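Two complexes follow with subunit A in common, the first pairing it with subunit B and the second with subunit C.
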Partner chain A sequence: MTSLALTRESIARVRPGPAVAAVLIALFLLLFLVVPVVQVIFVAFQDKTTGSFTLINFADFFRNDLFMRSFWNSFYVSAMSVVVASALALPLAYLTTRFEFRGAVLIQSLGIIPLIMPPFIGAVAMQLLFGRNGTVNLLLRDHFGISIPFMEGLNGVIFVQSIHYFPFILINLSASLKNIDRAMEESAQNLGCHGFRLFRRIVFPLAMPGYVAGASLVFIKVFDDLGTPLLLNVNDMLAPQAYLRISSIGIADPMGYVISVVLIVCSLLALWVSALAMKGKDYATVQRGGGGLARRRMKPLELVAAYAVVLLILVLVLAPHIGLTLLSFATIWSFSPFPDAFTMKHYGTVFLESGQYITNTLLYASLAALLDVVIGTAIAYLVLRTKLPGRQWLDYVAMAALAVPGVVLGIGYLRSFYDVPMPFTGQPLSGFWLILVFALAIRRLPYALRACTAALQQVSNSLEEAAENLGATKLRTISRVVVPLMSGGILAGFVTSFATAAVELSATIMLVHSQSDAPLAYGLYVYMQSAAGRGPGAALGVFAVVIVGLGTYLSHVIIERGRRERGQDH
Partner chain B sequence: MSRTLHGVAAALAVMLASSTAAFAQDPSGKLVVVTSFPKDLTSAFQQAFQKAYPKVTLEVLNRNTNAGVKYLQETASNNGTDLFWASAPDAFEVLKGANLLQAYKPKVEGIPDKVGAYPINDPEGMYAGFAASGYGIMWNSRYMKANDLPAPKEWSDLAKPVYYDHVAISAPSRSGTTHLTIETILQGEGWEKGWRTNKEIAGNYRTITERSFGVPDGVNSGSFGVGIVIDFFALSSQASGFPVEFVYPTVTTIVPANIGIVKNAPNKVAAETFVDFILSPEGQEVLLQPAIRRLPVNPATYAKAPADYPNPFKDTSLGSQVNFDVEVSQARYNVVDALFDQLITFQLDGLKAATRAIHQADAALAKKPNDKGKALLAEARDLVAAMPVTAQEAADPQLAGAFTVERKSATDAVPERQAQVEQKWAAFAKDNYAAARKKAEEALALAR
Partner chain C sequence: MNHQFSPTSLAAGMQSVGVRIDGVDLSYGSHRVLKDIHLDIKPGEFFAFLGPSGCGKTTLLRLIAGFNTAQRGAVTIGGRDISGLPAHKRDVGMVFQSYALWPHMTVRRNVAFGLEERRVPRAEIERRVDAALDLVGLKHLADRRPSQLSGGQQQRVALARTIVIKPKVLLLDEPLSNLDAKLRVQMRQELLSLQRKLGLTTIFVTHDQEEANTICDRIAVMEDGIVQQVGTPQELYDHPANLFVAGFLGTANVLEGQVRAVDGGTAFVMGGGVPIPLPHGVEPGAEGKLMFRPQNLFIRQDGGPPRAGHVRLMGVVRHREFLGASIRYAVDIGGQQVQVDAPHQAGDALLPTDTPITLDLAADKARFLRR
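Showing the complex of A and B:
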């Protein structure tokens, strides 16, 4: 009894809990992120002739026209993508959270789907729809004699990237909007503020944490993404340059690794700038009873306009998936607005061959996403609520994962874990499927972390203090007060991590050691290497999208029901 | 409890004994193959092989060639792969150089030494050719019809103004097969003239893709009209129903796609069985399937092929024009890739602008001849064709040293860093293309 009281007292004083959590997380990051990455990128700092430390490679980087051009292109594309993505996300988020809108949950779920752009096949679908000889341009040329260069050069990258990544803003912004205290809005209205001014001066600023979290993710992700530019054959951007150099045979050129370092540094900078923008402001709201903005009814005319806008945006952002669906039913689709004929055959092929891929993907992606939200919540809590020295670094290091090219992580894992035999079987540890889960978790951790941080920023400290004053332990406060209040953000993090992990390819492709352990993205890759595989590949892509889309929808339904049960909605 | 344990142990012992006894003749167990081949090919062989040898479980791992080589290098310390199975002979050369393969002489009889002018098997027996492939031109007939383009026949056709912005290729640094195409043109026409042809074609590129399959994929969808591809991409696309056609130009090389047993292969017996199987008449026939369409190396198999199937052993014009010199190719391998990237891939906009200006001036001068204009145009063409290095320099180990994987010892002199060399070449190309464009525009002004 005494000992128990003592422990409790000492816990209250020294609080080893957070420290232990911090150390565990630090160890995890060290083992599965820092060590593997350093194993690969130290080459950037190595003199090729003597093997000694040098910065000459960085000098070469800045003296090279191509790299500088790539650098500015990447910067331009990322900035423009944030702009376009915001234009897509703002109306959807605002309309669905602020007004009584039929199908809001459906729209929110559909809005996530663009994140699940299966590798290769997404770009093929986009080319078939918007390319120089895609559906839109063929029709335009036939009827009006014009064509629009949607997909030419950097335009194409901005177009595809904003469609692909705008859900980051949508999810985080919606979560934020839902968390705004209604009293704020009502007070403003009582003081005579209405319409756009209300949005600009009160609602949007209060939703800033979510917007900034989303926008910074979009910026960094576009900056570091290599899949889209490569598939559109735009290679004078930074990430593709790094990838091209690292993955060519016979070239042990340090420049690829130099670019990786530059990518990591830029991502951290962007993050730091976004943190700076949020600094010194308090976004927490005390009153949590209200559960978000009041939903208003729209006038009939407004309603029509709102539906038109939402529909237009949805058609645009779902275009790749519409193309994908057409492709999965198409016999031959070549230089024509629509496929020659339709067939069910591809689904049959996939059904027979790919069950294993689907179950593996579900297992890996959900484990990885679970790991992500646990670690993400913990880091967010440590950073925002404790005074542990160096806690910021957990955040920075975890976010750096965003900038690590998947190939680098993949090779790093092989180097770090291949020689470690697994207990009992003696197989190389890197061949164990759980390693693949860790790789996916590390790669997707930044998404979850940003979502959790934004969610926690909106929970007022005083709620925790109140709970503790009422005698709740720290752990109980966290589990019964903080985490439930963060649930929207945590869900957003889970969904983004899950959805994107489900179609991750670049790290996967290095780490799959046996077919029976392979996830869906690998299956897609295999299909998309041959002319005959295009249809089945598209069908498999549709499966991926449907599975992840259903998962997203279900989690939305669950969380909405939770809200309702807690009486937060009416 | 202990009785069960004993039972298990006994059962294990029996199993072990029987499997060792059977080991010598009868292949069994898991056979791991790392391959860059598409599913169509691998699953067809997998089915045929498992039918013949049901005791072996074939595990196929798909990686692109580069990633496959990287994977084998990274995992060599604790190797779990039995076979490497891919197209590009040079990938096998890299593995051979890194001492990651082991020699095996296939037991199958009747396979000639050469296909076209290219030796089928590695002289040291580290890897064996199992199917031949040639490079050529593929096009989308709907696209050609819509854009009123004639069907090309030779590489030089692709340099014609009519194909401007319609042609695609994959970067040779990304695709071993394209590298061989470029190298074939260089060897067939000589260094200077070969590069001239390459750059004149490049001036018509619509895009340069990052994966080899990006080219047939784009031609199939009609994103671009004409692609420079390896034959089976075109033949299998055709067989899948896409409206595409294919031709072998006169200057082409028929090269074998290969298989090699990985050093310290866990299941050596099964690996050898597999090699022999794919070379056997039964295995070679798989290559004729419509979705695969590669050229068998066993001449007897052609008897079973469809009527119009290309046969490099009969059709002597196929691939015998160029006597492909593997050593020349090896010596300048990385240099050619880097030259192509720096002069063409990353300077494509400048090169296309210059090419367009040249085409326009050429057309104008044809209508209204002008000697000064002609001279200017010739200068413009020479500027585009100019190379920063000669054939001798390209083969110089000093230069190649800037690109090699690792220095052999700390005393090896590396005169320049790769990034420096590349920057020099890029600046050279950029300036030349800009100057060429200016000259061509002057020529055009004279013809107005």
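Showing the complex of A and C:
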């Protein structure tokens, strides 16, 4: 009886506004995330001819040598990328947070730069620098008579991916290290622990949540990435196999769908393992009176060694950018350590031929990012501030996009919307550019949602109640008090979505219907296919990096200014 | 929760040592945090660094633990200069304000940590950890995580983790500040009984004078990086060396006036008031103030003459605070305000504000303080 009364009461308290918003969001997620993914899974279990339920497709997958090799290759490359990325991120994170280190902020910022470049463009530059006939190996061969197979086969993918994705570990690990109460470390010293043992027994275990979060992201990203292996011509990995199946055999071939299911399952497994690793461990390490690791001063010799390590890593990390810039100005760069001569003509070519790539990208990425922060803010609000039944599910479903590789989403969209004709033109709906925007928005939603949720959590409930108490309606309260206070987090969410959407290739490559609708990443991919296109491709890549870099920097400035104005000087 | 520390084998083999701090100076940039500190803490003593926040007491404690470096001076423990030793070689046990229990280890692993670092044999580690946990009454929680414990239990684990290594000296950094009021009173008695049982030289940092007074043998009152006075709680309360100490320990009435020569000695004279005789040694014209406690004043409503040694002051009640056992009146005497405690019995009427009032001061309890 009482439970019935309670339910009635809670239903009575639901206002129409939130419910309408929730229904709209649910519809969007259903149409552009759930239906395409379920379609993919459905087809994977469907008999090609009869349409009945079957496991034969999976049996085919596991009997096929190429697929099995691809599976193990994907797994090996992802795992090794985590190892190499950790080796790059650990010293940078530890040295800059634990010691008095000149330029720590600069190092941290430079360390994030790789993220704002599509990994596959980096791949081309890395070929020229580290490939069999690249700068480094040419020099090594001339002077020492040796060469190192940095870029041979899977090595190349591992090398490029770990350099591209290591910032995920760097950012998360640094944040974790900064959050450790210095008393945690001091109490260990007080009990007789020091040096590397101190790091191994106390500091690293306490920073584990950040490390695991970063490492699992790297694993998933590498596992799902399509562009880099495609460009390096490594096709015996899962994501390229899925793409090649669909693009060369057609959307009716079940193997692409089977591979998609395998990709999703592996992503989920990686997330599950990382959650398992953290389970039952309480790592809320910032306690009363806490405040980051104590910074130690290094001895002169240690300092020299530390700077050498940091410098080496930074050169390595920035190599793709350096290579790309050189390539964009190079006339011919082949079988020589450095380009033969320099020219501006590639930039001219890009301006004349490829302006649409840039404008399309700006349009798509900003629309997708806008959609993300609107939906993200709405979901965050619904979850944290309303009692709407089932509100948690919006959050779960939106976050589930994290486990859906771009290729899978692309295949799902093709399957779901190819047969739907557009009004008037009669073209398939899957080729409509707005579909591309939706795909990008869905792909980036998890990041924007987390940023918005974090921002809303920091806005005290009483601020809202105060506004309502003074006579503001719910909607006015949200627009005048809540959203302005969340603006920093919302903007951060917008920028991450924008920057990463601008260089996304996995989903786009499947959905682009015509050159005129194509975004930058697609244009780059097309250019990089041919030797003659490399120069203009590099120039376009430089544009991409500059656009994304500028966007990131501007938003950072805006966030900082807003923070200062509100007097939150930390 | 009402636990008493049980006898233990942990005390075996422990020998109390003293701590000497000799002319320590410590600055952060141009800011001098500690100024020429000299202290001599005796073996087995329960010693407090007491002072308001920012007085340098925690800095001094961290200096002993090896987390700060002094520009000048030395710290000696048991006759050995440890100034050059890094923190992990000092063998001084510190209990942190936040407890700093490692969340990724169980209670048992937390307590075992220091012994493991000392390469103590496994069997002995287990035995000593059990003994330490037994000592603080938490043996049954050994396999819990710190986050599953209450604040008071975490405090005990932090204590166990520190004393299990048999440190030469125990350092406690505001150990009770994160506990609620009732638990704080209980824990401080437990701390004291533990310290007595182990005979461990202990230094206790606090800003709470009641905490220091109730459990410490001696207190160093600090302010502005300087040790203002060292003494037993009673010495500090009864014979404060200066106005800061007088005001920091208990309530002090401070009067302004001049020291003048009168018949048979010197006296303290407020503007137009009655002379209050001063002890020998205060010369006429000396600069300073007169300090006495609220309980040194007596309210006289009978109209009789002042008792021998008492000086009569006339005033007007300005405010009053009902404290239960007593009533504290703020009384205006010739433009200066003093506080008077009057014992309270059920049924007693309170004096209304603006009532004229007659006060007698026990003059021999008043102290002339030059600064």
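Please note the rule applied: the second predicted complex is superposed on the first by the 323 of 570 C-alpha atoms of A that agree within 3 Å, B and C clash if a C-alpha of one lies under 4 Å from a C-alpha of the other, contacts with A are read in each partner's own complex, and residues count from 1 in each chain.
Keep this in mind: a residue touches a chain if its C-beta (ideal position, glycine included) is under 8 Å from a C-beta of that chain, and two chains touch if they have at least 3 such contacts.
Just so it is clear, the structure is predicted and the values come from calculations on it, not from any experiment.
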Touch check for A:Arg534: first (subunit B), second (subunit C), both, or neither?
first
For A:Met184, using the defined touch cut-off, is the partner it touches subunit B, subunit C, both, or neither? Pick first, second, both or neither.
second
Is A:Leu244 in contact with subunit B, with subunit C, with both, or with neither (first, second, both, neither)?
first
Looking at the overlay, does A:Gly156 come into contact with subunit B only (first), subunit C only (second), both, or neither?
neither
In the overlaid three-chain picture, which partner chain does A:Gly256 touch, first (subunit B) or second (subunit C), both, or neither?
neither
So in the superposed three-chain picture, is A:Gly376 touching just subunit B, just subunit C, both, or none of them (first/second/both/neither)?
neither
Touched partner set for A:Asn57, first subunit B, second subunit C, both or neither
first
Looking at subunit A, does subunit C or subunit B touch more of its residues?
B
Contacting residues of subunit B [partner subunit A, same complex]:
32, 37-41, 59-63, 65-67, 69-71, 74-75, 77-78, 80, 91, 94, 140, 142-143, 146, 171, 173-174, 207-210, 213-214, 216-218, 220-223, 233, 236-237, 239-244, 291, 333-334, 337, 342, 345-346, 403-407, 410, 412-414, 417-420, 422-423, 426-427, 430
Residues of subunit A defined as touching subunit B within the complex
48-51, 56-57, 60-61, 63-66, 124, 127-128, 131-133, 230-231, 233, 235-236, 240, 244, 247-253, 255, 331-336, 411, 414-415, 418-419, 421, 427-428, 431, 509-510, 512-515, 522, 525-534
Over in the complex, which subunit A residues touch subunit C? Could you list them?
181, 183-184, 186-194, 197, 201-202, 205-206, 208, 281-285, 287-290, 294
Considering the complex alone, what residue numbers of subunit C touch subunit A?
65-67, 86-94, 96-100, 102-104, 113-114, 117-118, 145-147, 161-162, 165, 178
